[in-house]
Every structure is written in C-alpha cells, then in structure tokens.
C-alpha cells in the first residue's frame, strides 16, 4: 500500500478508468453524438495524463501543459466539425444512428 | 505529506470523474450523457487546478464546458426529440466493448503499476514546491515565442486549423 | 533439253487456274470453257512433244547404250531447310514421268472437252474449269517431281484439287461430306508419307530422287542398322511413305473415301478418281522402286495389301447398284492389281517385269477406265440417275455410248486384243513368276472383274427397258461428250500393241514383251467364263439374280454395305475421336484448366469479399480491432520482456 | 536519335495518336484519314526497312544487329533505349505493319467511339513495334506492358459477348505472366555482368555469358513461363479463347496476329539466347507442355461451335507449335518457328477479319446457325477457304512452309523423346484438317441455313482491301519462302552458336 501522498498514480488511475469508459462507449454506442461524447472522454483522459506527467516528472517545464492546451483547441475544432457533419447527416438520413449510414460504405 | 483537505478533494473529484464517465457512456438518454460529460470535464478541470495549472483549468472550463458542451447540446436538441432514448445495445457489441475496455484498461493499469516511475512516491505538495509557479506572462511567452521550447508555429497552425474549422463547419452544415 | 517446254507444261495450267479463278466471275461460260480447253490442249501438245522427244528422238541425253536416262531438266531451289535438305521445284524426265505426262494431259484434255457438254448447264462452270486446271497443274507437278518433297507438295495440292472438285456441288450435303471425307482420309495417309519423308531424309540427308534411287545401298548404309520395333528404319520409312500411297490410291483400309468421292461431277471422277490421282500411289512406289528393292519386306507388305484390296473391292463391286460406285470399286481393285504387280517385281524375275507391267496397266487402265467413267457420265446425263435399276436396254437408244462402253468393259476384262489383255497378262505372268499363290489369287480377281463389269454392262444396256423411256427418251450425248468416248475407245483398242516394254522399264533398259501362253490362256478362259456367267444371269430379265441374292442375304448385304468399313470408320471417328476424345478434351479445358484459372480469380475474390468486412468503414469496429491489437502487442511485449 | 529509322516505328503511332487527338469525335472521315495515312506510312517504312536491311546484309554487313542505337534514359540502373534489328525483328515488324494496316481497314466502321478505339489501337501498335525494335530488356518489357494494357479497354469497351469477363481474364492472366517475366528479367539484370557493370542490353548480356547456370534454371523457367503465357502455352492458354471470342475484329487480328508473337519472340530472344545452359537442360519440360498445346488445341477446336473459339483454339495449337519448335533448339526448327509466327500471324489475322465481317452481317458466330454462305457471299467464302487452307498447311500458302520447316528441323534430334513429340506434333496437321474442313463445310458449303442470310451482301471495298493485303502476304510467303528462310537462318546463327557453346 502506498502512502497517502497524492502520487502520480492517483491521477493516472482515474484517467485510465475514464479512458476505458470512453472506449466502451465508443465501441458500443450507436448514436453519433454519444460516440462523440465517448471520444471526448478519451481525449480528456489523455489530456489529464499529459498534465500529470508534466507535473510529476518534469515540474520545471511546461510542454505537457502546452500540449494539452493545443489538444483542447484541436478538440474544440474537431467537435465543431463533427457536429456540423452530424447535423448534415441528420438532414440527409433523418437520424444519427451510425447503422443507418452505410451509403458511403465500400 | 499532503493535506487532508487536498486528499478529500481528490477523492471526491476522482469518484465523480469515474462515476460520471461511466454514466456518460451508459446513459440511454443522450442529453443526460452530455450532462454527465460536462461533469467529467469539470472534474478534470478541478484536477488541473489541484495540479497547479490554473490557466489550463480555466481554459478547460471555458472551452469545453462553455463552448463544446453548448455545441453538443445544440446538436442534440436539433437532432433528437426530447424523449428519445437510444435502443438496446446488441449483446455481442456490448461484450466486445466490455472486453476491449476491460482488457485495455487492465493492460494500462498493469503497465502503470509495474512502471518504475509509479514507485517514486513523491507527494503533490513536494512537486508543487519543486516547480516554479506558472505565470500568465510565461505562458504567453511560451506560446508566442520562437526560441527553443516556444510554440509560435504550432500556435499559428492551430489558429489556421480553427479558421479552417470555422469555414468547414459553415460549409458542411450549410443548408443546400 | 530445252527448258521452255517443261516450264510451259507446268505454267499453262496454273496460269489457267489463276485466270479462270480470279477472272472467271467476269467471263462468259463459253469464254471460260474455250480458254480451259485451249490451255489444256496446248499443254497436251507440249507434253506429247516432250514425251515423244524423250522416247523417240534417240538423243544421247535421253538414251545411252540403249538405256533410257533419267534427267533433271531443271531444278530450282524452293526452300532450303538445311544445307543438304533442300526442297527444289524441278522437272524430272524419265520413262515413267514421260508416260504419265502423256496419260495426264490426254485424259485431262478429254475431260475438259467432255465437261463442256456435261457441265453445260451447271452453275459455277468457270470455277469448274479453274479447278480442273489446278488439278492438272498439281498432277503434272507431282509426276515430274525431282525430289520427294516436291512430290509431297504436289501430293497435297492434288488432294486439295480433289477436295474442291468432289465438293463442286457444294450445296449438296452429301457432296460436302464426301469431299471432307476424301480430304481427311488422304490427309491421314499423308501423315504417314510425311513421317516417312522425315525418317528417310534424316538418314539419307537428301530429298532428291536421283540421289536416293541411284545408290539405294548407301541409303541403307546411312541408317547405320538402326531399327525400330524389330524392323529397320528404312523399312519403316518406306512403309510409311507407302501409307501415303495407300491413301491416295485407296488401298485397304484407307479406301473408304473413293466410293464417296463419286459425289463429284462424273468427268472429275474419270479424271481424278479413275485415271490420274488415284494412281499416284502406284507412281510413288514406282518412283522409289530401287529403294524398295533394298527392303523386300516393304514390297511384301505392298503385295499383301494390294492382294487383299483387289479381292475385297472386286467382291464389293459385284453387289453395288450405283454404276459409279461399281466403277469406283473396280478402280480400287485395278490399282491394287498394279500394286501387287509392283510388289512382286524383282530384277531377277524377268528383269522386274512386274514393274513394267504395272506401269503398262497404269497406262491402259487410265484410258479404259476414263472411257468407262465418261460413258457412265453419258448414261447419267441421259437417265438422270446413277443406279442401273433406272437403266436397262439402253443399247438401242445410245449406240455410241453402248459400243464404247462395251470396248471399255472388254478391255478391263482382259479380252484380246483390247488393251487390258496385254497389260493384265504381263502382270499375272509377273505374279506367277514370283509365287504361284499371287498369280492364282489375282487371276481369280481378274475373273471377278470381268464378271462385275459385264454384270453392269448387261444390266445397263440389256436386261429390260425402263418404262420411263417413253416419257423421256434417252439419247446419245452431244459431240463434245461423244468425241472423247470415241477417242478413248480407239486408244483402248490399240494401246495393247504399244511396245511398252521397250519404253518403260525399271532401269531404263528395254524389255521385250512376250506373251506367256499358259498365263494368257488361263486368264482369257477365266475372263470369258466370267463374262458368260454374267450374260447368263443378266442379259435378259429373269429371277436368277434375285434368287441368288435371297440365297445369301447376309453376304449380299455385307458386300452391298462394303463390309461395313464406313460404319467402322464412323464409329471410330465420330464416337471415339469426336465424342470421346475431342469432347472430353474440350470439357477438360473448360471445366478443369479454365476452371482452375477462374478458380484463382474466384479464390481471390472470395477472400476479398470475406475480409472486406474488416474494411467496413465502421470506426467503431476499427477501434475495437485497434484496441485488441494494442492489447495483444502489449501482451507480446510483456512476454518478451519477462 | 531521329536519324535512326527504327525509332520512327514508335514515333509514327504516337503521331497517329496525336493526329487522332486533333480529330473531332464525330468526324469519321478525319479519323479514317489519319489512320490510313499513318498505317500506310508504317507499312511503307517496314518495306523500306526490309529492303534496306537486306541490302546491307547483301553488302556484307555481318553485325548481329543493324541500325543499332542507344540512349540512356535512367542512369542509376543503366536503363537505355537501345534499339536494333536482326532479320527476325525485321520480319516481325513487317508482319506487324501488315496487320496494323489490314486492321485499320477491318475496323473501318467501328462503333461506338471510333476515335477512342483508334487511340488505343495506336497505343497497342506503339507497344508492339517498340517491343520488336528494343534490344534493352527493360525497354522491351516496358513496351510489352504498353501493348498489353490497351487490350483491356479495347475488349472491355468494343467487344462482344461477355466482354468484361474476358477482358479482365485476359488482362489478369497476361499480367500474371508478366509478373513472372519481370522477376526473370530482374534476375537476368542482376546477374548480367560483374559488379558495377550490370546491363540490360541483350547483346551485352549474351556476350558476357555471366549468368550462373544454377540461376539460369530459375530464370529460364520464369521468363519462359512469362512469355509462354502470351504465347498461349498449355495450361496458361485459357485467356485466348475467351479473349479472342470477345474482342472486336481488329483487336483479335492484332492480338492473335502480333501480340501472341511477342511471346514466341521473347522466348527465344531472352529465355533461350540469354540463358543457353538452362535452355539446353530444361527444354524438355516445356517441350512436353507445348507438345500438349499443339495436339490439345487442335482437338479442342474440333468440337467448338463458335467461329472465334475454333480459331482461338487453333491459335493455341499453332502458337504451341511455335514454342515447340523454338525449344527444339536446332536452327531449322527455330527458323520454322519464326516462319510459323509469320504465317500464323497473317492467317489468323485473316481469319479474324473474315469472322468479324461474317459476324457483322449474320450477327451470329455459331456455325450451327449458318450454312451455305459461299453462295451468298462468295468473296468472303473464298477468302475464308484460303485462310483455312493456309491453316491446314496447303502448299503454296504460308502454313505449309512453316510446318514443314518445323518438322524437318525438329526431326534432327535422334532421341526417342524428341522424335515422339515431333510425331505427335505432325498428327496435328490431320486434326487441323478435320476442324478446318468441318467449319468450311458447315459455314460455307451445304444448303443455306437461315432464310434471312439470303439478303446479305458480299464484301465492301475496304474489306476486300484488308483481306487482299493479308492473302497476298500469305501466298507470297507460301510461294517464295526461301529469301525469308535465309534471312531468318542467318539471324539465328549467333543464337545457335551460344547454345552449342553452352552445351559443351
């Protein structure tokens, strides 16, 4: 048993669990928005890792933080586009179930 | 040795985070899932604050909770009727998902616990003390500087990306 | 010798073929006929000039010390396979080729003339003359060949001309299938000829007849004693070459095409399938005779095949109804006669009298058989049927045809003083000289010959008048047709008195023919008896033939069906080769070979279809796979690190 | 570069393509003019080359290849545009020119998209001519591929019947063959000389003789199979029946007439000339395969009912004969092989042209549904008979000369193995007669089968032009074979020398 100090693992373990939840959601959900939600979870888990590693292993530097910053920006961009696409698909197909969207398959 | 308050805060936030993550991916009402996601994001922001990255935490809240979540909500409202629930998940899909997440999680946890760095049990207080405070000025220099460990080019690239994203969003979502 | 005449002899017919063949469409019938006849007439005149110069000029180029020489008038390289094996196109002049020039051009000219009347109303008259010219060219080229390969070339060409002429009435399915049959059967025989040439030329390293025949011993030596399946390679080569001759000369078992070939116009039958092309086999053996002498087993083979064929054909001829078929079988029988005579010829036996008599018979037979065929043509022309059952009592209506036909029959039966008597007597004498069995056997065949010929003669010209004559009175043919009959009948009467032995012998030295009284008497008696029997049976309408037929129905039917040779061939070719071999190969090709190739494609396609689910485009599946993959990699890494 | 006459054989088809590019899609006359002018130019050039070549030889120029030239186009791998011709190449060029010329007239009324058709046709010709003039194996291979690709489109777009399937099958099988070939050629290159002096040039490779015998065996099999697929060697021949049956007339002509010859040509020019030891050792394997082709193709042809299938199987048989003769490795037999290539090229082209013309009128190729066409269209009937007679080896036409040369040459081997295969090969002449006469009998002779056929017309002027060109060439070779024979024999001297040296 580790001491009650908040070591690096304390941050990494919730991040792993969050990531696993994200994977589960990403694989199982059929709704495009729900998939996007799962995706955000995974992304967030990764961000958290960056930050934790930065803090614990290289406290004097700030690469992890900057990277997270960029990741957030890119996530925002990605979400915006994804949602635009989803809305467009909804217009075309009538719902947001990925099983219904197979016209572009193969 | 960290303060008890810090530890309690940690546990509250960590439990929130894990539970809401789980609920976000299992909830059958999409709007609720989005709300749970919001809680997860806020929990993450709290972690950032706890780790001493105030700016990052603020950005997390502002961009994610403030911006992205709004998008989510809009899109959900646009594409779903209020009482829409997603259908039952097929069992094979669920099993595959559980397998993937449990196996993957287990592998990652295993790796974490066998990692040498995990044993270095320095406390949060110590590392916070070890690193200098991150001032806004320094962040500004880092993002807009051109020296080593300065990120002007990625910054500009991201801005172009965002621009592209705006245009793309408009073009894709435009009504034909 | 001046080479102009020989070149012209070959050039005129081929140019006639080209002119009539290409320009014939634009020509009137009369124009085409006149051109053809004029061309052939000129060729005949030239050939006569050459032959007479050769035989009678006494020029030292042709005859030295009483020995007639063989000379190559010209010999142009056509294709050089190797330095030694050179195919050339040339003109070989020696007794037999000079004799053949005369025979071919004479008969051909007669047929040209005759056809003008006979084919007058047929469509494709121009084409007919073109083909006749092509045939004459090929046949002339064949007999003057200086080398065995030239002979093979023209051998094929006569085969094709024969194909074209048999199938002249190409709208009749029977003519088409007969021509096809003739071509394929002879082609099959030519395969033997070709392989024989390959074997022979490989060992002797030459195609040239002069080189081969002048020194047959060295040919034997060049094989170095090589044997194959117990016989020397030279025997094999000679037998295989003879197989080619068997095909063209319709020896058993390759005779089946000749009766069917009668589907062609009758003058064509007279020219090709009675007088000239079918004796090419005899000519081939005669041409290579010195080589055959080295390998007597090959000659024995020839004799046996000839003896069997002669008897078989004679028996079958006794039971046919179609007059052309009777003549066709008679031709087979007579050619077999010549073959036997060649086969029994030995230099030590009366200076190879068999060879001389065989050539003599070739000559006389060509004349009287052409006469008979042309006569049959006149009958068919008058009655519009090939079957003698539609004829009978025609002697009053067609006197010219009757008399000439009678002369032909007497000649072939071997009655003195007609041509056939002399040649047949010499042949029989040669056979008796070799072995009395051959002589006795062939005397019997000669008797059969007399019987079936007179059976036909009486059935056609005596017996009972056909009632249809009242509506459609038969009459003698026009002059174009009668003239050749008269000419040929005259020749048949006098040809026996030609001092043939002085002109044509195996080594060029003259041989004085003397009639062997015993043989001559025997054969004459046999022939007369046979004629008497035929007269007794068939002269007046009576029930004896029918009674005979009913007494032995199986035999009669078997003979009438030619002892089922055609059925056997049909069985082999259609059932076995076509249905079993060809179809199974075609099936194998489609369902095994092609299916294998398609199988590769199908396996590829199936695999791609099977795994294309992996490229589903479903990002969720990708993530799943990615994740499992990552876990697997982690596991592997961990195991490796352990 | 442009001073070399050979290069113009590639340039003219390119000009042809450019010219077609200018034409409007609808102006048939302009397209025809371009094609006629250029194909006539090619034919003229081929004749000129032929005369010039013979002239140089007569003047005593004994170099192995004449009109040589080489231009580097990829330095690091020493790939050059090396060109040169010997007697065989000259004759093959002549053959190609004749067939391209006849092909243009045979597709006078091609429909639809005439411009595109002729564009691909011209590209195909570029590949064919390029192949025959090259003496650099890489360039040769490149032109080989250039010739193959247009086939796919030409069959797939302008074909008949199940054309997509056939086009795909043909392309895939030939490409499969070229995969083997590519490996073989690369192998030859990497062993072509000492380190640092690797070369693609055929003459240099043959001169170096550097390829290790153990490698030769592998490379021989690869290259021979690679070219053998195009030469319709059993069991890789099945693209031929389907491909030919579906291809449009001119493409069948060019494909059977010339493209299949690329296979035979490549076999002796590369597989045998460059890998002589392996050729001596391993020829027997392929003699068995090609011997089977010869008889097998002929038997298969006997039961087909589609005119083009009959002809395609007959091509399998005849092209099998080409490879068979090449493998006999004697000068006479190989000469026969080249003669057979020329002869088969011309007569199959004639066959396919005629089948196309007949099909264009009757709209069927099933011989059971036709009959008595000789009466209706005598010109085409006579031509078909001539082609048939050439095919079954009638003296005076080219097939006879070729087959006899092959048989006589092949019979120079004294062992039972070779001889029994030669005799099996000779059997094919009978079977050929059977199927040719069967077709002639059913198609041309006999009573008219279909009343509607009575209204059909005989050949038009351009069809006559096309067929006469081919018939003259066939009869020319058949009647006066010796100059061609001598030209070929001289060209084989270096190859035979290499082989004899390797055998020692």
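For clarity, chains are labelled A, B, C and D in written order, and residue numbers in each chain start from 1.
Assume contacts are C-beta pairs under 8 Å (C-beta built on N, C-alpha and C of every residue); 3 or more make two chains touch, one makes a residue touch a chain.
A quick note: this is a predicted structure, and the numbers were derived from the prediction, not measured.
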{"item": "Pair with more cross-chain C-beta pairs in contact, given A-B and A-C", "value": "A-B"}
{"item": "Chain centre separation in whole Å, for subunit B relative to subunit A (CA means)", "value": "6"}
{"item": "Rounded Å distance between subunit A and subunit D, as computed from the means of their C-alpha atoms", "value": "64"}
{"item": "Centre-of-Cα separation between subunit C and subunit A, whole angstrom", "value": "96"}
{"item": "Subunit C and subunit D: spacing of chain centres that average the CA atoms, whole Å", "value": "37"}
{"item": "Subunit A, residues touching no fewer than two other chains", "value": "23, 27-28"}
{"item": "Two or more partner chains touched - positions in subunit C", "value": "623-624, 627"}
{"item": "Subunit B residues counted as touching two or more neighbouring chains", "value": "96-97, 100, 104"}
{"item": "Touching pairs among all chains present in the structure", "value": "A-B, A-C, B-C, C-D"}
{"item": "Complex contact set, residues of subunit C against subunit D", "value": "25, 77-82, 85, 87, 149, 152-154, 156-157, 160, 163, 167, 170-173, 176-177, 180, 183-184, 187-188, 190-191, 194-195, 198-199, 201-202, 578, 581-583, 585-586, 589, 593-594, 596-598, 601"}
{"item": "Residues of subunit A that touch subunit C when the two form their complex", "value": "23, 26-28, 35, 98, 102, 104-106"}
{"item": "Subunit A-facing residues of subunit C, complex", "value": "612, 615-620, 623-624, 627"}
{"item": "Sites on subunit B touched by subunit A in the complex", "value": "1-2, 6-7, 10, 14, 17-18, 21-22, 24-26, 30, 33-34, 37, 40-41, 44, 47-48, 51-53, 55-56, 59-60, 63-64, 67-68, 71-72, 74-76, 78-80, 86-87, 89, 93-94, 96-98, 100-102, 104-105, 108-109, 112-113, 117-118, 120-125, 127-128, 130-132, 134, 138-139, 142-143, 149, 151, 154-155, 158, 161-162, 164-166, 168-170, 172-173, 175"}
{"item": "Touching residues (chain side subunit A, partner subunit B) in the complex", "value": "2-14, 16-25, 27-31, 33-34, 36-38, 40-41, 44, 47-48, 51-52, 55-57, 59-63, 65-66, 68-70, 72-81, 83-88, 90-91, 95-96"}
